[in-house]
Structure formats: structure tokens, C-alpha cells
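Here's the structure, in C-alpha cells; my notes come after.
Per-chain residue numbering starts at 1, and chain names A, B, C and D are given in the order in which the chains are listed.
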Amino acid sequence: MTDSPAADWLRRFTTTALDREPDLTALDQAAGDGDFGANIAGAARLIQSELDGLVAGTPAAEVIAAAAHVFLDRVGGTSGPLFGLLLQEFAAATVKAGDLTPAALTEGTTNGLAAIQRVGEAQVGDKTLVDALSPAADALKALPPSTPLTEAFAVAARAAEEGAEATAGIRARRGRASYVGDHAIGVTDPGAMTIGLLFAAGT
Amino acid sequence: MSRYFAESPDDLVDAGLAGFALAHADLVEFTPDPGHVTARSPDPRRVVGLVSGGGSGHEPLHAGFVGAGMLDAACPGRIFASPHNRQVYAASKAVAKPGGVLHVVKNYTGDKINFGIAAERLHHDGIRCARVLVDDDVATDSADIAVGRRGTGATVVVEKLLGAAADQGRDLDALVALGERVAAGSRSVAVAAAAHTSPATGTPAFDLPDDGIEYGVGIHGERSGAVRPHGPVDDLVRDMTGSLVTALTLTRGDRVIGLVNGLGRTTPLELYGLHHRFATALAEHGVALERHLVGSVVTALDMHGFSLSLTRTDDELTALWDAPAHTAAWPA
Amino acid sequence: MSRYFAESPDDLVDAGLAGFALAHADLVEFTPDPGHVTARSPDPRRVVGLVSGGGSGHEPLHAGFVGAGMLDAACPGRIFASPHNRQVYAASKAVAKPGGVLHVVKNYTGDKINFGIAAERLHHDGIRCARVLVDDDVATDSADIAVGRRGTGATVVVEKLLGAAADQGRDLDALVALGERVAAGSRSVAVAAAAHTSPATGTPAFDLPDDGIEYGVGIHGERSGAVRPHGPVDDLVRDMTGSLVTALTLTRGDRVIGLVNGLGRTTPLELYGLHHRFATALAEHGVALERHLVGSVVTALDMHGFSLSLTRTDDELTALWDAPAHTAAWPA
Amino acid sequence: MTDSPAADWLRRFTTTALDREPDLTALDQAAGDGDFGANIAGAARLIQSELDGLVAGTPAAEVIAAAAHVFLDRVGGTSGPLFGLLLQEFAAATVKAGDLTPAALTEGTTNGLAAIQRVGEAQVGDKTLVDALSPAADALKALPPSTPLTEAFAVAARAAEEGAEATAGIRARRGRASYVGDHAIGVTDPGAMTIGLLFAAGT
């Protein structure tokens, strides 16, 4: 078990994801197909065992890359590869910055959003995790360079949570929720909510 | 509520696949990680490997259609979750032939993404890879849905016809053209009188009024938003048939292959009764039901519902339908 | 509650049979009154006609096993009600061969009476007629039950082996001897996690606690009186397997044919997972699972449950099992 | 439509059977397989159309025989042929007596019971229709020869109903109810109850 800030962040995320699995399942059940909670929880367990296997002092980029690979190579669904693309961009930005800095967070979020939109073609307002990720990227880009990492995470989390909350009011145009029409109204998008959980885990 | 005979959603898939492999060891080989099923005795004339897959919970699709005359490999994901790209990549590598690999993909974002990443990796390895997308569900043909129609019951028709064509030694481009033609000529619509049991919670995935029918349900139990009363079955089948005939712009004398598909707990008596009504409704349109299949072949766990599918056919397609196939679930 | 896709219990049977006949017109012929299904192309070597039947609601049994290599005729009654004797009589007359007719009867009072009256009429007409009684259900092996063990899942095994033997031209006495040997060597046990839906009322035929399993249920949904909690599936299968092994006094090295049978809404994933566990449990007893069948072949409408069956086998019986059969529901 | 006493009797029986179908279904559901109500109701509808087809003045024996043939040749289940055997003996006794007399009723019931026991092997106490038919036969045999027909029917009905009521207290040894063990306790046997309805229809 490592104790680097990156590992702590991801471990906290996995704990929250497992705690919240029933809520995420219920949301995807109400306006989707019910597998989102299990998918994210499965990923969380795999990431925990990856983190357990890392030696102390593993560079932040490698820690994040390990989680990215879990999502990319071992988790299916729509959400698996999309979260993988996001974490992969976090890892790349962390390599570039030399550590998980606020700048790396901003760049990772921005590039992760771009990659997710290239692959999934969702726009803000389609009721997907893009509705949380996009405002988070905007909020991070607006921060002064000197912002401490935990505060940057907090700002991103707040923006993502607000974006996620807004998804409750709309029908979906993409993802499984797009098939259920008005049944999606009143239901927060679980993918967007999980983006909020990911950032909040860094605070 | 009725719990599944399994310890957990993951056990439902893992024990189910292990048992499937054991039961059909003569037909298929199962690789647990990354999970995929491959055919033991594909037709030696094949020059292209046929791969499909998707979330589990739709059995016998797809593993039940792996074998001579149909798929070379299938990649089962977790319940209702697309397989991850490494499953698709490994399965494709295992069955790629000199002419490459063809992916039969149901039109869902997750499936498209995961098969898409695998295709990139295959290209990187110098393996030709193409895709046929099945998007037959008329209930999702709407300007409000940016991702287009879902892929549902007609997938098994596409897999059968492509399998027979692959056995003739057709190349990748020819198979893509054929698959696109079949998919374009296929439409389905599904209804449910009761939701499937969620393996995560052990409770019905959605509630319907006692006398309600969800018209236009998805194979992951996605509700349609349209509930109608449980009226005369003749009327229900006539409406469903009409929507397929309209979507395919069928006119008198057109020829079709029809599929009456149970979504899980629908009984054989119901399905055959629906087939009888479907045939009658098609006759009213003057459409010739040239071939048919009745059974639970593309399911949604234990949902009580059924889908009707039509595929335009001609001499070529009907001959492909009639070609022999030897898999766990194709009725020989 | 979930209503069937049919207008009434009678429509469920009538439309279902009409659709079955339409779907499998190449294999069977259907006579609506008195209702029976006959095989179009029996093996020309047969000298004895094989007839079975029983209440409807168990599909694909029996009509799904009419065809070359299995039954010559089947008589479907109303839902869960034995066919009347005139059905059995007409079906038997239609398929009687120079060597007579053999009735395969599940051990129920109604079936015995109605097949019995038909047999009297056949004798009166000078047609030789004999009966093989299937009584495999260990849950009804009790001094409190005067009528003996019920006939359940193993019926399909008896029909398969007798069909193959009839195709070899064996005479009536030989077939009776074989059938009695197979029936004596067959035992089954069934459990349910949820009742079937009563077609008469549209509600579950009985209630179980959320976490309860009815251990020893019948294929008409008769409760056993023994409810156990939904514990580990491994334990459940081990207990069921043990009861069959004990009933057949199987010892290490004995050879069996195994059947994992869904009772209606049990999913393929569950059934294959159960097959895996069944094979493991049999291996623990040192019993050789030489052949197997996994599927919903003897159902109880849409009950959520399954049965496990074992039939002692030897080289002769295994060869009969392997012989080809061409029917709507036998996996070819 | 005829108006002979025999036809009236059978028509009243069919009306009651159709009225009581849900109760009969419920009893067979609680301790059997739920098809008894539909089976008897199906028979009742067939008998009604047979009765409708008879010309006025059809002899009682022929009227009863028509109903017997419906049960014997067109109704399955356990109950179909057993009710057919009973009615066949009523018809035979009616032929012998020249009409549906109290003596014919007694002989038909006695011989019907014997036929049902030959075929079904049930004894009193097995919780079957024999539990109603046997006391009815005894009660009829004990009647003075001068008893009017409707009173004979009434006596038989009372005995059958008492016999049927007694089935509620016991487990079954025959029929589907024998499989359900203690679940049968508290449930009146629907076949026995229907024997009561058959006699009561003659009063």
C-alpha cells in the first residue's frame, strides 16, 4: 500500500464508489439498464488490488496509469472505457507536469473531456458524464495557477456536482437513458454523479 | 420477487459460462480471461472470422450461436454491460483469418466503443477488421435519440446469414456489403408485460400496472415511456406488425424472414400463439412469410415479453438462411 | 402479476398448438379435434408407434418431441389437465404400426385413466397396446402418497431412448422392457423460487417468502410442504444430487445421463451454472456424467425453478441417446 | 331446449358449476394444480350445448347419456372421465328403471361409486370425490322406496356436502392434493364439493 496523494485520491474514490454502488445502480435502473453501479464497483475492486500491489514511492503518473489500465482493459460497459480515457489523460498530464499538480489536473480534465467527446460524441445537455466533466474543466481553467491541489479538486467537484444535478431536469439524448424518454426526468445521470465523486475524492 | 439461482450477478455470468463451456465442449472452447468463446470446427472455406458479443443476459445470444455456420467467436460482457475491448481484441486475434475479421455489433454506445478500440488494436497489428452494425428497433427511431435505433432481435438473423455467406468463402468487403444490406432490411419491436428481475437487487427492474404492457421496451429492460392496456392480443400483434411493415415500406408480394422472439419468461405456448397471429397479420398485408424462427433467442434475463422482427429476403438470403449451422442454440 | 399473451387459458393452448403446427409444418401434422400431433416422417423401420401426452403447460414436452427418432404422436390436454381418452385413442389409431402402439405415460391419476380408457378401446379394435409409466420424482416417494412417484423431467429421456430403440425396429415387448428399465433407472427432483402464473387468475399459483425455495415442487406447481431459505446454490445442488444418487443407489464408477431442466422462466445462464455445479457434485460421488442435456424441456408454465434428473446408463442406452432425432425441440 | 326433470337437473348443475368455477379453481390451486374449475366449466359449457340440441321429449336416459358422453369423450383431467363414469351409471340405471326415479338415482350412485373406485382405487378418507359419493350412496340406500325424487336428491346432496366438508380436515392420499402434504389441510376437495353440487342441482 502506497501513501502518495495520487494513490490516496484513487483509493478514496474506490471506497466512495463501493459505498455508493446501490445508489448508482438505482439511478441507472430508473433511467438506463441498471449495470452502472456494478460496473464501477467492479472497477473499484480491481483498482484497489492494483493499488495494494504498488510499492511505496511509485510515481503519481504510474499510479494513475494503473487505474487507467484497469478501466481500459478490464472494464466494459459504456462507462469503463470512458473513465479509462479520462484517467489516461490524467496520467499523461501528470507525466508532463512531473507530479499530480493543479495544472496536471486541469490539463487532464480538459484532454479527458476532449477524448471522451471524440469517442462518445456527447455534448453538454445530452445527459451524460460530459455534463459534469465539461463544467469541471471550465472551473479548473478559471483557477489562478497558485491554487493548492485539494482546492482545485474541490472546485472541480463542486462544478461537476452542479452539472450532475442539472442532469436530473432533462431527458437524455445519448446513452441508455436516451431510450426511456420522460422516465429519465427527475433522475440524475449516474455517470455525471460519479465524475463528481472522482473529483471529491481528491479533497 | 424471485432471486436468481446464482450467488451474485458476476456468478450468474461466470458459472453460466463455465457450464456452457462444459455442456458444449464439442462445439466451443471457452477462454475465461479475457472472456471469449470460440468455435471448434469452423467451415474450412472461411477466409474471414466472424465475431460478435455484448452484455450478458441475452442468452442464447451470442455464445449459443458460435459454431459451424454462424459465429467464430463471441465475447460476453457482464450482465447488460458491453465486453471490454481486450475481450474483443483477444477473440478477434484468435479467429482472424487471412481475409481478416468482421465484427457484428448491436448499436449501443458501449458496444461501439469497446469493439471500436479493439478494431484499432487489430489494425495496429495489421489485421483487417470491419464492422456491421445492427440497428433494427423501431421503438428507438426518433429524432430525440441521438444514437439511433438499438440493435435487438434481428441480430440473430444477421449472424445466421453472414455465417452462411462466410462459409462460402466470401471476402470481408462482400460480407460487409451483405451484412449492411441485411441490417438495413431488418426491423424489430418489443413489448413487455413484466420487467426482468434485476440481478443486482433481486426485484423487478421496473413496475407496470397490473394490466399494462410496455410497448417498445429494450433488451436491457429500458422502458419505452408508452404503456398500453393488456387488450386483445390480435390487436397488439397487428399494431406491432404494422409498424414493421411501415418501417420497411413492405408492399404486397414482398418476401420476409420473421422472428418471434421471447424475452425470457414468455412460454412456448405464448410464442407459438403469437407466431400464428403474426403470420395472420402479415398475410393481411400481403407479405410473404418465407422463413421463420420461433423461440427465445435474444432475451432480457427473465423479462415477460416478446419481440417481432422482419428481414426482407430474396432467393440469395433465403438460401443463406437454409444453409446448415451447428451451434448450441440454432435449431438444426 | 403478469398476464399471459393470450386471451384465456384455452386460447393459450389452442393458439399455441395452431402456431406450433404452422411453425413446424415440415415435421408434424396437427389434428385439432380430437387434438393430437403426429410425425410426418417416422423412421420406416419402426414397427411400433410411440405415443405420449399429458396436460399442456410443459412445453416443449410432448409435441416438441414428435418427429423422427422420438415420438410418433402426442396428445396435449388443456393446461395441466390430462388429454381425454378420445385424443389418445385417435392419436394411437393414427400411428399404430403392425407391432402395435406404446404409450409413454407420466404417473398421474388422470393420465393413467385417460390413456387406460384409450388402451381398452384400442384392444377392442384389435390393436396391441402397452404402457411405460414414468415415475421419477423422488419428492413424492412417500408412504403418505398412495399413487406413487410423479412423472416429471425424466420423461424426455425415456422418450428419447425409446424413440431410438423403436427406430431399430424393436417390437412392443422389447420396447416395454427397455422403457421399464430406463424408467426404473431414472430419478428427478425439482425446486422453485417462484410459482408459475395461474392462467385462470393471472396471479402466482402460490406464495413463497422472499427468500424461500420450495424444495420438491411438482410440474403442475404442486407445493411440496418443504420451504428452505435461498442459501448457497452449491449446497442446494449438492443436496438435490445426493437425493438422486441415494434413490438410484449409485456408487463410484456408475454411469449416468444427466438433465438440468428449467421449469419456465429460469434463464440459460442459471441453467448452465447449475449444470456446472451438478457436474461437480456428481464428481464428488464418483459418478460418471456420460451424457447430459441442459435446457427448459419439461416446464411448468413460467415457474422460476429447475429440476435435476439422472438416468443410469450403459453402452446400449448411451448409443440410443446418441442416435439422431429430428423434432422441434430436441437439440440436434 | 328440453324441460324434462333430467334435463332441468343437468342444466341447473351446469349453471352452478359455471357460477362456482372461481371457487373450484381456488380450491384446486390451494391443494392441487388449479385446473379443476376450468375442466368442470368446460364440461358444463359442452353439456349446455348438448342439452340445447336435444328435442323436447328426449327420454331421461338419453339426456343423461349425452352428458356422460361429453365427460367421457371430450373432457380430460382426472375429473372428466370419473364424472363420465358416474353419469354413465346414472344413464344405465335410468334405462333400467324406465325413468330417472329415486331407485335409479340410488343404483346409479352406487354403481358409479363402484366404477370410480375400480378405476381410481380411492377409498373414503383419501380426500377425493369418493368422500362425497360414498356417503351419498349410503344415504340413498337407507331411504324408504317411496321417497320423492327431489327429496332423494336433497338427502344425497346433504350427505355429499357433509362428506365434502370433512375432506377439509385431512391430508390427501390420492389425486394431486396428495403431493402437497399439509398444504391440503383446511382445503375442501373440489371434486367432492362438486359431487355435492351435482346432487343439489336435482333439488
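For the reader, a short list of remarks on this structure follows.
As a convention for this text, a residue touches a chain if its C-beta (ideal position, glycine included) is under 8 Å from a C-beta of that chain, and two chains touch if they have at least 3 such contacts.
Predicted, not measured: the structure shown is a model, and the values here were computed from it.
Least step count on the touch graph, chain B to chain D: 2. Chains that touch both chain A and chain B are absent from this assembly.
Chain A and chain D have Cα centroids separated by 73 Å.
For the pair chain A and chain C, the distance between C-alpha centroids works out to 53 Å. Note: centroid distance chain C to chain D, computed from Cα atoms, is 31 Å.
Averaged C-alpha coordinates give centres for chain B and chain C that are 30 Å from one another.
Counting only residues that touch two or more partner chains, chain A has none. None of the residues of chain B touches two or more other chains. The chain pairs satisfying the stated touch condition come to A-B, B-C, C-D. Those residues of chain B that touch chain C in the shared complex are 1-7, 11-13, 15-20, 22-23, 56-57, 59-60, 64, 193-194, 210-211, 230, 232-233, 236, 264-277, 279, 292, 294, 299, 301-302, 304, 306, 328, 331-332.
Of all the residues in chain B, the ones that touch chain A in their complex are 9-10, 34, 55, 77-87, 108-110, 113-114, 116-117, 139-140, 144-147, 150, 198, 200-201, 205-206, 218, 220-225. By the touch criterion stated above, chain D contacts chain C in their complex at residues 22, 25-26, 29, 32-35, 37-39, 42, 72-82, 119-121, 126, 171, 173-176, 178-183.
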